[in-house]
Amino acid sequence: MPETPGYVDLGFARVDADRRRRCGFPEVIYCERKTPGEVAAIARVVLERDGVLLATRASRAHYEAVVEEEKGAIFHERACCVTCEHVPLPRLTGRVAVVCAGTSDLPVAEEAAVTLELLGSTVERIADVGVAGIHRLLGERDRLEACVVIIVVAGMEGALPSAVAGLVSKPVIAVPTSVGYGASFGGLAALLGMLNSCGSGVTVVNIDNGFGAAYAAATINRLMSANAGTSSAP
Amino acid sequence: MPETPGYVDLGFARVDADRRRRCGFPEVIYCERKTPGEVAAIARVVLERDGVLLATRASRAHYEAVVEEEKGAIFHERACCVTCEHVPLPRLTGRVAVVCAGTSDLPVAEEAAVTLELLGSTVERIADVGVAGIHRLLGERDRLEACVVIIVVAGMEGALPSAVAGLVSKPVIAVPTSVGYGASFGGLAALLGMLNSCGSGVTVVNIDNGFGAAYAAATINRLMSANAGTSSAP
Amino acid sequence: MPETPGYVDLGFARVDADRRRRCGFPEVIYCERKTPGEVAAIARVVLERDGVLLATRASRAHYEAVVEEEKGAIFHERACCVTCEHVPLPRLTGRVAVVCAGTSDLPVAEEAAVTLELLGSTVERIADVGVAGIHRLLGERDRLEACVVIIVVAGMEGALPSAVAGLVSKPVIAVPTSVGYGASFGGLAALLGMLNSCGSGVTVVNIDNGFGAAYAAATINRLMSANAGTSSAP
Amino acid sequence: MPETPGYVDLGFARVDADRRRRCGFPEVIYCERKTPGEVAAIARVVLERDGVLLATRASRAHYEAVVEEEKGAIFHERACCVTCEHVPLPRLTGRVAVVCAGTSDLPVAEEAAVTLELLGSTVERIADVGVAGIHRLLGERDRLEACVVIIVVAGMEGALPSAVAGLVSKPVIAVPTSVGYGASFGGLAALLGMLNSCGSGVTVVNIDNGFGAAYAAATINRLMSANAGTSSAP
Amino acid sequence: MPETPGYVDLGFARVDADRRRRCGFPEVIYCERKTPGEVAAIARVVLERDGVLLATRASRAHYEAVVEEEKGAIFHERACCVTCEHVPLPRLTGRVAVVCAGTSDLPVAEEAAVTLELLGSTVERIADVGVAGIHRLLGERDRLEACVVIIVVAGMEGALPSAVAGLVSKPVIAVPTSVGYGASFGGLAALLGMLNSCGSGVTVVNIDNGFGAAYAAATINRLMSANAGTSSAP
Amino acid sequence: MPETPGYVDLGFARVDADRRRRCGFPEVIYCERKTPGEVAAIARVVLERDGVLLATRASRAHYEAVVEEEKGAIFHERACCVTCEHVPLPRLTGRVAVVCAGTSDLPVAEEAAVTLELLGSTVERIADVGVAGIHRLLGERDRLEACVVIIVVAGMEGALPSAVAGLVSKPVIAVPTSVGYGASFGGLAALLGMLNSCGSGVTVVNIDNGFGAAYAAATINRLMSANAGTSSAP
Amino acid sequence: MPETPGYVDLGFARVDADRRRRCGFPEVIYCERKTPGEVAAIARVVLERDGVLLATRASRAHYEAVVEEEKGAIFHERACCVTCEHVPLPRLTGRVAVVCAGTSDLPVAEEAAVTLELLGSTVERIADVGVAGIHRLLGERDRLEACVVIIVVAGMEGALPSAVAGLVSKPVIAVPTSVGYGASFGGLAALLGMLNSCGSGVTVVNIDNGFGAAYAAATINRLMSANAGTSSAP
Amino acid sequence: MPETPGYVDLGFARVDADRRRRCGFPEVIYCERKTPGEVAAIARVVLERDGVLLATRASRAHYEAVVEEEKGAIFHERACCVTCEHVPLPRLTGRVAVVCAGTSDLPVAEEAAVTLELLGSTVERIADVGVAGIHRLLGERDRLEACVVIIVVAGMEGALPSAVAGLVSKPVIAVPTSVGYGASFGGLAALLGMLNSCGSGVTVVNIDNGFGAAYAAATINRLMSANAGTSSAP
């Protein structure tokens, strides 16, 4: 397997071997439209170099191809993720909240939670606190404020991040989901709602992109932890 | 001026002379793309038949053409409406709330309020209670619950109707506004947000259509009043 | 099963135990993307507290999970709803019309009708009166005017609510459906048509959202009934 | 001025000199984004060859450039058209109806009417018969049925063509207009409404394209007239 | 089976019994989202009253339900239509061309052709003459000009109607198809192309709506035939 | 001026007096669609309570109304912001980079920079490093890595955040701008590009929303600073 | 099989027999929505006349119908193409690069590569060099510059063509792919990104249209080769 | 003025001093949203280094700022370009055709022509040959085939590139324009039409982007010329 400086060339893929040094975390495998064989091959390279694996949007078939070689691989069914931790990443000091508006948003929230845990964060899960019953959210204010970052997952009109951002002083990362029907247009309504949030400082990721929100949150948490004198860092 | 049964034909317009009998309220003039002269001519027919006038989306020029002939006409500047009440419509018993999310939504809210008042309702105005400072809304719950219908006017992500609908037992009519920028796309974000509201039973009108919401609310209020033994009705 | 004041926490869901007091009706279960087990668990809590159940967008599998524990549960196949009435909600005095433009719109109309009946209203069903044969509608004017609220369900160009609103004095709630092809874009054409209705006071709900229209209509009907000295109320 | 077989080359334009032979009517000038001088130059060529001129989307400046050379040119202000008839086109035997939904749609209707008259048709103008007062339309059924083709001009939800098509046996050509606001999106709502019409056989032209509808109607009328033993035709 | 004046009420459908008198052709059944049983029931009423049946968007299951009772019913597989002609409609004198741009557009073209034939027109089929090989079209000019109306079916960029309209003097009705991929967005590209056609007088129907184009063409052809002293008409 | 607990009620606005306690920063005034008088009145309340003012999307007229009463107010012309610092907010320890792709993106970048400085951050400005000349970006890697957060402002295809995110280990907040023409559709192309970024962990704000990105960055920077033992925090 | 001058008429298709003379390459078969039998029939005509076959978007069923008659036909599975070269097209002198951003873009890249090879070009394949790890691209600059044309295939935000265009002096043809999720909207994000590329001179083809890009590249390569004194050309 | 290796840093802009070496042509200035002073400052740097200037989307004010310092600067009014050629770029051997569909497309065509001439190509201008009069195009086939590349500029339905691509063997670059109204949606119809062209090998640039098409064409022409033994090259 030839290794050009900076990446490992598998022909169909160039595994970014330099990524952890540059960006702080090793490469993550996005499984959609990749064959199980391709995912397993990339997984092997990643584990050899970095000792830790995260594969998102994985089907059971992807998992089975990976676990055949790496016995320690785990399949997170609801989150559709495969993880493997030979050499776990450094633990970070802050907690990250993963809040979701409704039960139907849980798969996206779980993708975020699994990603966060693998990247070293402790996760605070808070489910089903949509704005139509705002008292369910208000009671959680202290638990939210105690976190370093808050990820808010919501479909339909995507109103929850605005309400959360108005309650706390921490960064809020919003994840629109494709939950809804009719004029939700596959999550477009929630996406536009979050981009137009009247809550200052809400930032947004792609529809159903729990991974992206978690990665961003982990980056912030690592900043904090580094500052606090702990591990991690590029 | 020929009068075919059911309408008065002005050539460029057929004034619906039968509307009040059928629908409970006389015809309302929508001024956009009509000349001041056309509006004044229609206004004369409406006032002669029904004794009460509402013209929406009116400019000052429209008003001036109307007031020249009808001295009692009034221009509501913020609402862009002209009204004239020779024979006021019957007073209705219930109150209607007009709630708006931000100061910038006031012109649309005023169009709703002016329409409601002309159609016989008492209006409860509640301004600037957007979800980013949810405590401002929670304090108004009793005032809202005391109304027959609640009109909620909001731009940006349009989240306010969901929060209101979760607090009260009254019908909520949502009006998206074109307030916002970038990906609000002229009110599309707020419109989609409201259509996808997780608050049960929220109904929606067109962007910036304060008049439409008010007309629907008046229809409901008249039902109530009729039931309570009062006036109005077809 | 812990009960925080105001809701029952099932981990994956927080059942809003306070909703009937605040909003007048108990919580309704939206089944899409929930597992049969989750729906059954929520159903149990709802029935225990409120004695009456409505689950929408339910598949037969959802129904079977519910009926296993609640023998009285009924599956409404065309409407895709599950209902169970241990303690029926108070009967309301007014009738609500559910009008639909074509035979293909019937499933959405049935979702509205089932919801209305559970929430205590008597339903007047009027099918297949689209504007392309306007005489079919004109003959129903008196039946429509005798109702408290009129729900109009239509796909394609969504023109029926405008025609109905021009005939009667009652509130009209329009439900666009995804019936159509080509440039109907999944109901977008009907939705835009209804939002731009030239019929004053038409309000609109999301595409295929028969439930939402019915809930709003029930809220109005309850207002009336309360006023008339009957039951219900927050 | 060089004349290649089939067209006259003005450098910035190639006037289609063969069009009347091929298509039955001479070339029509679309003025938008053309300078007054360019329009006048093309007008001269067209009048020299065919003796009759129609220029659409013309401003007063375009008219003035044309009339300077062609004294007989006429400016139709509401329709924004310039016409000149040195050698009028053959009169056609059938009448064409131009129906519009509201007063605001008149400019588009006038573009259609002016075009039809120049192309030899007699026009039946019927204004302000929108579906919100359907009785205004029903009274015109016989007048409509007596025409060869019916052009229906409407903005907002664009519902009128469906209602007309359900009443008569003649071809209906629908013209959506940009009249409306908010979610009319510049006429998109009316356009989609008309394309999804439940009225069989409605055909549609571009938003605000009164000319296109009239041209199509004239083509049909000419067919009829030719058949009836009269003039015209290629 | 109750018969209110003007329609036959089947509960789930109101068959428009007056349509042939008003519009010249009997009601056509649109099968999508109707059950085979519903289609068969409506078919029986239509055949009883008018002796001729057209059902579009029919599956084989729809056909089988119909043919069980009406032995003479025929299934047109490519066109997805069911027809039955106990009392054929009057033959019309003119020919109608059905032109299509590519082989993939044939199903839509066949829906148009089957409709035209049932409604009494003779059809001229011309396949695969897209603008990328314009010589294939030019050779057909005389055959096209000999028809009364020309239906042009095209997907992808939808350019063919413009080219045809520039060659002949007859009405051109354009049918965009959903043939294409990527940025054709289900036929939107072809639809917009046709609406913006530089060919004067092109009118357009919904995406894949071969039936609508044929119905409009038949209406025009009947005008002609009526004029020529033949049959048909209301 | 009445003061309900938690906000100051000006009639047309409710100034959120509790915001700094809850969210860490005082309320910011969004000037669009507010009159100069309204902005000045809100500004007075904010300055009285919190001693520091930021008004965004301000015109010179807004500034003049503010400065009449608050002599220390400053107008930032390129950024369209008004600031006033009687009691400056606590200085934060980290630097924030504001990177922009082209010269035309500078106004949005300046809105971000002015906001950041007012909220206590030191700003590192890096202009005109778009991906079409990637060497201009590569040379800035160390300067970027030395910051706590990186704001990337870009129009057109919005590709710069992906490239930046691949180079550094810090959180990247992307701001799409409306710079571009044709199919940029007012910034939609850049917005979609950024939401679909292949760079892990990029989060996005609304089109042209420099303020929102800066507010989010300041929230992160405050976390860090708090952690490092310094000032600020709720 | 009749042969009108310029094409062979199969009834359902007119095979453009003149295309190679006019355009330099024989007709290519687009298989989607064609039956295996239709594809095989067209293939026979093309091979008889030109000795070389390319069928794109082919399923295995299409291949099997072709290979039954033409033993030399080959199925390229990843590219979904069928080729057959009885008389190979002239070899061209230049190389064409096919670069792709990620492993998931490979099927589209392969459609391009197979097309290029059949049309006589030598292909340089470069996979997985997306902008999130820009060092992987920079190392390939010389290999890219040595080609005549560069095809860049990318999904998600479609940023790669801008980066490539900034590195080399050769024409860049961009192919957006439908790879991505959420707000990629089936490749729309990548398409808009590429159309708005800040890299001068990037041209774009339809989403997933590897064939189109390859055909354009081959046309350019043939120009070069012709110029260099070699074969090909019309 | 500091010069970092590879670019000249003006603070608000980094002029890419290395571009000609890498990409073959010097940097071009895009004037929109830049002040006249900024454009003049960048122009000075570009002229000093490369001796040749092209500024697109320039207003007269931009020109005046440039010409004050560079006496030889020329303003191309229709094309909105400023050019200055102290050291003209090498002449290329091939001709490039710039074809446009209608007179209204001329400004975009001129932007392309001015760019081509500055970059060393000879231009063949062919105006007003839209597909509605296809004979105007057919007569130009030989002139088109004699060019190296063909740029086709068209608005409305954007059908011309397909017709041209079917006639010749040369690369066709399509430029959609914003000419049109109603459902042209600012050029979207033409853009989608061109992307879905049935003419093989058509590539497309952004709406109204005459410059981009010309730059791509020049790149191809330079390839040819280099090959033919002439000048240019990186």
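Of note:
First chain written, first letter: the chains are A, B, C, D, E, F, G and H, and each begins at residue 1.
The rule is short, and it goes like this: contacts are C-beta pairs under 8 Å (C-beta built on N, C-alpha and C of every residue); 3 or more make two chains touch, one makes a residue touch a chain.
Given the structure is predicted, the values throughout are model-derived calculations rather than measurements.
Of all chains, the one whose CA centroid is most distant from that of subunit C is H.
A centroid comparison over C-alpha atoms places F as the chain most distant from subunit E.
In terms of residue-numbered contacts, A-B and E-H present the same interface, as over half of their contact pairs agree; the other options in E-H, G-H or A-F do not.
Centre-to-centre spacing of subunit B and subunit D amounts to 37 Å, using the average Cα coordinate of each chain.
In terms of their C-alpha centroids, the spacing between subunit A and subunit E amounts to 52 Å. Distance between subunit C and subunit D, defined via averaged C-alpha coordinates, is recorded as 45 Å.
For subunit A, the set of residues touching two or more other chains reads 132-133, 165-167, 182-184, 188, 191, 195-196, 200, 206-207.
Chains that are in contact with each other form these pairs: A-B, A-C, A-F, A-G, B-C, B-D, B-F, C-D, C-E, D-E, D-H, E-G, E-H, F-G, F-H, G-H.
Subunit G contributes residues 101-102, 130-134, 138, 156-159, 162-163, 165-167, 180, 182-185, 188-190, 192-200 to its touches with subunit F in the complex. Chain contact summary for the complex, subunit E toward subunit D: residues 22-25, 28, 145, 148, 165-171, 173, 191, 195-196, 200-207, 211-213, 215-216, 218-220, 222-224, 227-228, 233-234. The residues of subunit H lying in touch with subunit F in their complex are 4, 6-7, 11-14, 16, 18-19, 30, 32-34, 38, 57, 176, 178, 186-188, 191, 206-209. Contacts from subunit E toward subunit G in the complex involve residues 103-104, 106, 127-129, 132-133, 135-136, 139, 179, 181-184.
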